[in-house]
Amino acid sequence: MQLGLIGLGKMGFNMRERLREGGHEVVGYDPRPEVTDVPTLAALAEALESPRVVWVMVPSGEVTHATIVSLAEVLTEGDLVIDGGNSRYTDDAPHAKLLAANGVGFIDAGVSGGIWGLTEGYGLMVGGSDEDVARVMPIFDTLRPPGDVADGFVHAGPVGAGHFTKMVHNGVEYALMTAYAEGYELLAAEDLVKDPQAVYQAWTNGTVVRSWLQQLLAKALKDDPGLNDISGYTEDSGEGRWTVEEAIRLRVPVPGIAASLFARFLSRQDDSPTMKAVAALRNQFGGHAVKRISTSG
Amino acid sequence: MQLGLIGLGKMGFNMRERLREGGHEVVGYDPRPEVTDVPTLAALAEALESPRVVWVMVPSGEVTHATIVSLAEVLTEGDLVIDGGNSRYTDDAPHAKLLAANGVGFIDAGVSGGIWGLTEGYGLMVGGSDEDVARVMPIFDTLRPPGDVADGFVHAGPVGAGHFTKMVHNGVEYALMTAYAEGYELLAAEDLVKDPQAVYQAWTNGTVVRSWLQQLLAKALKDDPGLNDISGYTEDSGEGRWTVEEAIRLRVPVPGIAASLFARFLSRQDDSPTMKAVAALRNQFGGHAVKRISTSG
Amino acid sequence: MQLGLIGLGKMGFNMRERLREGGHEVVGYDPRPEVTDVPTLAALAEALESPRVVWVMVPSGEVTHATIVSLAEVLTEGDLVIDGGNSRYTDDAPHAKLLAANGVGFIDAGVSGGIWGLTEGYGLMVGGSDEDVARVMPIFDTLRPPGDVADGFVHAGPVGAGHFTKMVHNGVEYALMTAYAEGYELLAAEDLVKDPQAVYQAWTNGTVVRSWLQQLLAKALKDDPGLNDISGYTEDSGEGRWTVEEAIRLRVPVPGIAASLFARFLSRQDDSPTMKAVAALRNQFGGHAVKRISTSG
Amino acid sequence: MQLGLIGLGKMGFNMRERLREGGHEVVGYDPRPEVTDVPTLAALAEALESPRVVWVMVPSGEVTHATIVSLAEVLTEGDLVIDGGNSRYTDDAPHAKLLAANGVGFIDAGVSGGIWGLTEGYGLMVGGSDEDVARVMPIFDTLRPPGDVADGFVHAGPVGAGHFTKMVHNGVEYALMTAYAEGYELLAAEDLVKDPQAVYQAWTNGTVVRSWLQQLLAKALKDDPGLNDISGYTEDSGEGRWTVEEAIRLRVPVPGIAASLFARFLSRQDDSPTMKAVAALRNQFGGHAVKRISTSG
């Protein structure tokens, strides 16, 4: 089928390729002339036959919001917008309402798979009405991994359910990464273990802990045993923060996910103010030596 | 090759079957007459040709220790013992020394895969000398999953390295299970999400979080949506506790694994003494209502 | 000086008493006829000389908001409102703006001390302009504990700073309570320790851990050794949740406070869905026994 | 009464002074000639009248053990040894047995108060027989803070109970410090709050969070607002590690104390191997940028 696709970055570019390989007609728009198919959003709207389906794949937050506001102006009754970015699920209902005022439908779609999705397919979690989802199903079927539709695609619920599910997916992902990383640090710290990489390689088959992320860590350790070239400084893209915030709203205890989030915050601090205060306290009551920060060259 | 196998429980029974299917001659010993091949340990020793290889697959701790002490009496120079149970790795060096006094070799082998190992193969992590490991390699090759030997088997280091690696494997496993379980609780708590099971099923393909454990949780949720028949009461078999203890010894921060361990402890308490004390404190300073425990029928 | 005081519950009632003992003229309003001094908010406004100062001490959230909206209608230019409840600090700027439209000033005041404040004085953390704070200083001076003003009172910053500071105070309080409570559980679990209450009593003097909360726990344990009459079920009043949410916004790692918050959530669950999922997983891969929930009477 | 005191370091030196001011005759021994009263342990034994009481106040572990072994050689039937250092409580029973072989008694005494104990008195937690404790009570009465004996002294149980209690005290202390330190970091991160030091000062009176440690943090922040001169690098002296280990043995969940311990471990790492692995993983699946470690000057 025909699809407009806004945002041809790391994810959108690959998705256009996978969709075209799947026989769909994709009209892509991106502000960068070297990748775009049409010069403007208006041109995108013109290039598509009514009723149109437009997939938005741009950074979440302000960029996504501005894009949807702009789409509300160029789209017409019967069109449908899919937000496939990592939007916070609380943005979805307002966007759906905004578009509905013009008779335009809305689907939120969480897309997992990273740079591997092009070849392996993307895990999809979508929210919206049954009718809207059915309409876009040919697109979802091409994007998702081959095999049983239930193994790689879920219509999780009404508008918002897709991004909520993707948010939880990423929160779980944080905690999984921490789990494997703690295991790595333990193996690397113990002299008995000759080569943590070999252990991670061996875990890829037959063990209870085997997984795709686990394979990736084995690969990363093969590329750079000791991880000497990589800093522990780790950004977070929002979903981890949102997951803990939603957990608080829902009164769900999430010690594993929260620990993973806090570890990222900590990785970005030159020195921890919390630990400075602890060190200062120890000095006060015990006369314990504290490490003074050198002020001379 | 020929192998003595002590302990024909859930794991050992299946291993005997897989080994026999692989063409090995296995003489099994177990105190339960309905499964054993020989009536006594002495009979086991007699039934094997020298130099013998004996795999011990019994509960860790006292039972394993007693078995190895008994083996030290019936085995002779040139024989080799493999402890395939979930022994603490600190037990390995003493056992190796005990056996070495009689010229008997020792390998510690961590075995992962649970009840699925029979058909899929077991992930193996072993510790010992190069010579000893080479000698038993035909057995390991049958037990491990098919495919590249490095993907399912690791000679992790000298005696102790196998069980240390298996301990870390299980510590990681604890944290992975917590990650998936926290995700489940979040999905189940949010009304937008129609069916957490469908989400877990969809995550099995294409997503970043896909894994064997993740598939198992999808399966468990299919069998019992809502998990209504299962109590949260969860035992721990020791490796999680040991992992945190070793982390403390090695000064490795393991917030994810520790949170998982503490959650298990908590799951076994009728009421948390810590939270009773918190509730008592709130009552003291704020006159906050506390939930009194009813003493009447 | 003269003060209107709205809300004569556990906190407001005692504050009226302390203020009157301190020589102030307090006109209290509460919907309950048995405690109120005036029948309506309008009557309160009439009873006070212009320019008026009105202290709001009602439940945070909707009740506080409705009260301030009502006050905006009956107060006049030059009056001043103090929100002394446990409002979220993000409510303060909107309230200040609402009142400023009528020329009415606003101070947010965090009040600590619970039921003990009547006799010992209340710890105060306030936000607002220098002028507004100076104007109410006689009231603050009576409410705060005797002694140096800096030890019991802080003008933390502009509007919002008072409630932000009080929120952090309560977040810290959560973690302190957990710390003492974990210590109690450890002492109670170890047979060598004859009487955890005696230990908590002994810690009240000379030790590094001595504190007001620590004294209260000693007292609670004296009243009910073993805490047999108290359930661990523990409510949370909002500040703990907000503290973790603000920590996430500010990218501050707060593992101690978050652990305390999650422990409260958990204390209110009959059975943990997270641990049900962990138990289900163990059963799937290991054939580990799970505790089935009895369905018969 | 007469007391031998071995170890005249930061703690022992002050204790000798406090005991002498209290009218006791103290014979101190220390390898440093500038502080010792006698040249050797043998001279110490000779200088004391039988039956002797000797207080050992040296670093825990090997030094304490060696000292007690030496004492076993020079002391005689009816003498009594007090280990007042921060020994692990599991060392106490072996030491008691060693000394009992010569008819020498043993008390383990946890001593809290740091450098402030000289003037304010030391919080004491002791383990031993009723007879032995009664015999040394005059010493304990001088060391402990003035006031009710139950507020600053506890005979916690038999041999080992004193050090166990002190270990828990220090575990709680870790978590308290973390609680206050997290609060500090939050206050310092929020622009609305003008001066975190003023807040900590204000919390010293009237608030629920007031405590001795809280006062010390106010003082530390007064000395060095911003804590610019202090590194977050924080040692741990063993009791925190032991507390978590004992919690694991006793199956007591201690998320607060464990988080505090792990934060110390982390504070001593230049870069976290766990976070390097997380960063490496993100790079693998998402092509997320990682911070490369510069290898050029």
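Here the chain labels run A, B, C and D in written order, and each chain numbers its own residues starting at 1.
Simple rule for what comes next: contacts are C-beta pairs under 8 Å (C-beta built on N, C-alpha and C of every residue); 3 or more make two chains touch, one makes a residue touch a chain.
Keep in mind that what you see is a predicted model, and the values were worked out from it rather than measured.
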Inter-copy rotation, chain C to chain D, in degrees (Cα atoms; steps of 5): 180
Chain D against chain B, contact positions shared by both copies (same if over half, else different): same
Farthest chain relative to chain B (centres taken as mean CA coordinates): C
Whole-Å gap between the CA centroids of chain C and chain D: 33
Approximate Å spacing (C-alpha centroids) for the pair chain B, chain D: 37
Chain A and chain D, separation of their C-alpha mean positions in angstrom: 46
Interface hub residues of chain C, defined as touching at least two other chains: 114, 178, 180, 182, 185, 189, 208, 212-213, 251-255, 259, 262-263, 266, 272, 274, 285
Interface residues, chain A side, partner chain C - complex: 208, 241, 244-245, 248, 251-255, 258-259, 261-263, 265-266, 268, 272-274, 285
Residue ranges of chain C touching chain D (in the complex, touch as defined): 89, 112-114, 117, 120-125, 127, 144-145, 147-148, 150-158, 160-161, 164-165, 168-173, 175-176, 178-180, 182-183, 185-187, 189-190, 192-195, 198-199, 201-214, 243, 246-247, 250-257, 259-260, 262-263
Of all residues in chain C, those that touch chain B in their complex: 10, 114-116, 177-178, 180-182, 184-185, 188-189, 212-213, 216-217, 219-221, 224, 227-235, 255, 263-264, 266-267, 271-293, 295
